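In the two assemblies presented below, chain A is common to both, partnered first by chain B and then by chain C.
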Partner chain A sequence: MIDPSMIPALLKGLDGVTWQAAVMMGISFVLFYLAIVKDYEPLLLLPIGAGCLLANLPLSPLMDEHGMLTILYRFGIENELYPLLIFVGIGALTDFGPLLENPKFVLLGAAGQFGIFLTLLLALLLGFTEKEAASIGIIGAIDGPTSIYVSGILAPHMLGPITVAAYSYMSLVPIIMPPVIYALTTKEERAIRMPYSQRRISRRTRIMFPIIVTVMVGTLVPFATPLIGMLMLGNLMKESGAVERLTKASSNEIANMVTLFLGLAIGSTMGGEKFLQTQTLFILILGLLAFGLDCAAGVFFAKILNWVTGGKVNPIIGAAGISAFPMAARVCQRLAQKENFDNFLLMHAMGANAAGQVASVVAGGVVLALMGAG
Partner chain B sequence: MIHTQFLGWGLQMTMLGMGLVFTLLALLWLLLTLVLRLDREPEEAVTKEISAQEATIKAERIAALADGAVGAQTPEPPTVNGMPADLVAVILVAAHQHRQTLRRQAAPQMRTAWPGSQLFASRWLAAGRARQTHNWQPRGR
Partner chain C sequence: MRRYTLNISDREFVVDVQEIDADHFEVVVGGESYQVRLAGDEALTGAVIAPAPASTATNTAAAVPRKVAASPRSAPAVSVSPPAAKKPAGGGKGTQTAPMPGVLLEVNVKPGDTVTRGQQVAILDAMKMHNVIGASQAGTVAEVFVAAGQSVDHDTPLLKYGE
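Coming up: the complex of A and B.
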């Protein structure tokens, strides 16, 4: 005979379902929908959705002290290993050639980081602590690994919503950027042509670039060393051509594996009780605002450059000074072509976009340095 | 009061942070410019907006230059005893073919193919075959 006391034990799972967990499961389904149907950053949103679902299932053994999700979190998020490994892959995939052809566009990358600090101010006004505000502001870097790295150090309890916001907005670049650009530029400005002067970049310069950037940034902002060091390591491997196997492994196998682990671990931080708070909503709104402000600041700065150079810079490319590489550059090119089909800004926009990649890492390091983290 | 304090701190962060980011990247710009200047590769001309007519003239000028350059690089044509090598080769092939034809048509001792061979038929054999296949005699005679 079955012991009658077993029946409540069998229904323990059903008893364990809370309304917060149910809502979070709903959110995980939304993430699945965005990843599978809408194709928005599926590589990250799908594992995040899975992590979120698995973490919110009642009495999930995966979330126990020795559960897989807990181990994945401790293994790579607590010590910032995952974002750094992903940076090696990003470096191995990024071509900094367009930036080297037009080094002055480095400044557009700097302008594209304004949103970080303006959002920080807004977050402070909304009552977030200094570290929390800095972590929210870093969503404005529009760079997933940088956001995870900085918020993991400054405000680990807000890692879930910050990561979801950072990656969601990155995938929404084609939707968020155009209205900001249209609002801040005139038709004539968008139609400005920029002649393209192709400069041959020697292999030696391409190899020297990652070394110079690492030494310079690492010396002046030591907090940025892990981020810039890994990004530039990947790029050095790619440009040197000496370690093709490592380059391929970094940009494929390692990056894919770490992306899966990272997504699951981030998803596991989205526990219902922690996630469903008013501050999560604020984080999502502020993240969106940070993105918009970044684009706006970039466009404004490009307008200043346009004025200084006597009408030679199309303000659209300023918006590419964010880090979402290369999607932001592609959006800029598309908008320029809408005004004038023969207008090709892509290489200029790619230059600004590559600068944004470096600038976002520098900004992350600067934020950490100013917050005295370490 | 607390908000004002925070705001002051935030403004300081913004000024310092953006100042640092701009300074660092401006420094990077300077360094990159220096490196590019020291390690310079030949630049390609700036693409300017030009009319179709101008473009054609320019293209023709480039083509003429290229033709000249190609001509200058072409080696002297080879000769055999003062005759162009190509012509000598053509004559050789023609002579060889003619010799083969003569041998095929020659007396049985000289033939390269036996009588009745499908490879080659002598004039005599070809005429016989043609008569057989295309008989022009009226039927019944």
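Coming up: the complex of A and C.
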């Protein structure tokens, strides 16, 4: 019945296991663990883990020229489609109301991007090329889609590690941010109360905001137009209330579908030989550093605001000037509540966070312009 | 600003209280202005005021405002502002209001319940975050104005504390 010469052919899979692939499969299990047991960004880490596992199984047909993972990658990562579609959904979910109530927090969003440029310089010192260094720095904004967008243009060969770093750190916001905040603030500063300040924002303002921002940013930083345009399109749909079906589809069905595709495609870039390099380790460390520096810059800037306003700004909210919306703001609220159970600065933190969302996109555009991408 | 007209031992005091911060007030009594910081605020359930009034509210100002803080009056629920709700000391009446707009997911107390300061009384969903609302004072819940599922605005009265 069985021809003995068939046996090697049947065991070809076992033969194809390399140590790198085995390590990567281990990493995919860690991602599953983080997603399922620890509940860290499960929507992203689970598909990324699956993509990583499926890509590293020996001789995976999914990775063939016409394999599903290859097609998903070409369909939406290579040409930047996924991050832009995700941005429509993010725009439809982001409430810029708290920012419009407190426009001064735009400054915190801007301050939250300093780390990007510091990290860029450090990466240059470590021997990365300019374009690679810029892609690594963007991790600090903790903005997954912008990271994918920028590195997809500047350093496509580093897309895997950069995306994994950006999304992992996004999920680790509740763990990474508090120590940075604690290290830079005193108990008294963290106890500063910021009562809710009521200011009604008219519907007209809410509708005008995305249009004005798109025109302004698009004119000043043309490289940011795709990202800001999609973000603000989503927001315009939401605030206008005119296309509820499209708003819902963008923030639910389309965002969910694209998240699945994006996760699988990114996971598939984590091939053992490419991923397991010291360079990846550097990228992860520098990305973490960029994140920490962004938080620190935000907190410092909030301290300055606090000093200027005579003690009315709780420095905690400076850390919300990064992109991870709304997680960063929630972490700030939690820390503030730890000092004073009745201190609700959530809305202020949300304002800074929404500003960080816009600022990270602008920073991405500025970096692309500086690197002369085109 | 709130104006309290108090009659203490047959002497009339007009006290104007302006909230600067949640725990920081400007208080004007008899033409003198005081910066008052509320450092503590607890209800001593069951305790009775002895002849020498034990003031539990700590004031940095002199004697007159201290008496003021020890005998707060709570106005009708609707117009009460959060500092007024926080001020009551020594088991006085007070209303707790919503700190920001949102939807109440849970209301964990009912009239008659005894709570300690900071104990969870409700969960407010604001910006899709679950915020634990702690009791603004210790005491007994006299009235609950809201129910789970209700959306509230900033300053909507949530509960009233009583003796």
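General remarks:
In this section, the second predicted complex is superposed on the first by the 369 of 374 C-alpha atoms of A that agree within 3 Å, B and C clash if a C-alpha of one lies under 4 Å from a C-alpha of the other, contacts with A are read in each partner's own complex, and residues count from 1 in each chain.
As a convention for this text, a residue touches a chain if its C-beta (ideal position, glycine included) is under 8 Å from a C-beta of that chain, and two chains touch if they have at least 3 such contacts.
All figures in this text were calculated on a predicted structure; none of them were measured in a lab.
Comparing chain B with chain C, the partner in contact with more residues of chain A is B. When the shared chain is aligned, chain B and chain C each come close enough to touch A:Arg193. After overlaying the two complexes on the shared chain, residue contacts for A:Ile71 are found with neither chain B nor chain C. By the touch criterion stated above, A:Ile304 is placed in contact with neither chain B nor chain C. Contacts of A:Leu220 after superposition: chain B is touched, whereas chain C is not reached. Looking at the shared chain after the overlay, A:Ile212 reaches chain B, while chain C stays out of its contact range.
Taken together, the two structures place residues 193, 195-196, 198 of chain A in contact with chain B in one case and with chain C in the other. If you check the complex, the residues on chain A that touch chain C are 95, 98, 193, 195-196, 198, 312, 326, 329-330, 333, 337, 341-344, 346-347, 350. Taken together, the chain C residues at the contact with chain A in this complex read 21-23, 82, 86, 99-101, 118, 126-129, 131-134, 136, 154-155.
Interface residues of chain A facing chain B in the complex, by the touch rule stated above, are 99-100, 103-104, 106-107, 109-110, 113-114, 116-118, 120-121, 124-125, 130, 133-134, 193, 195-202, 204-205, 208-209, 212-213, 216-217, 220-221, 355, 358-359, 362-363, 366-367, 369-370.
Residues 3, 6-7, 9-11, 13-14, 16-18, 20-22, 24-29, 31-33, 35-36, 39, 41-49 of chain B are the ones touching chain A in the complex.
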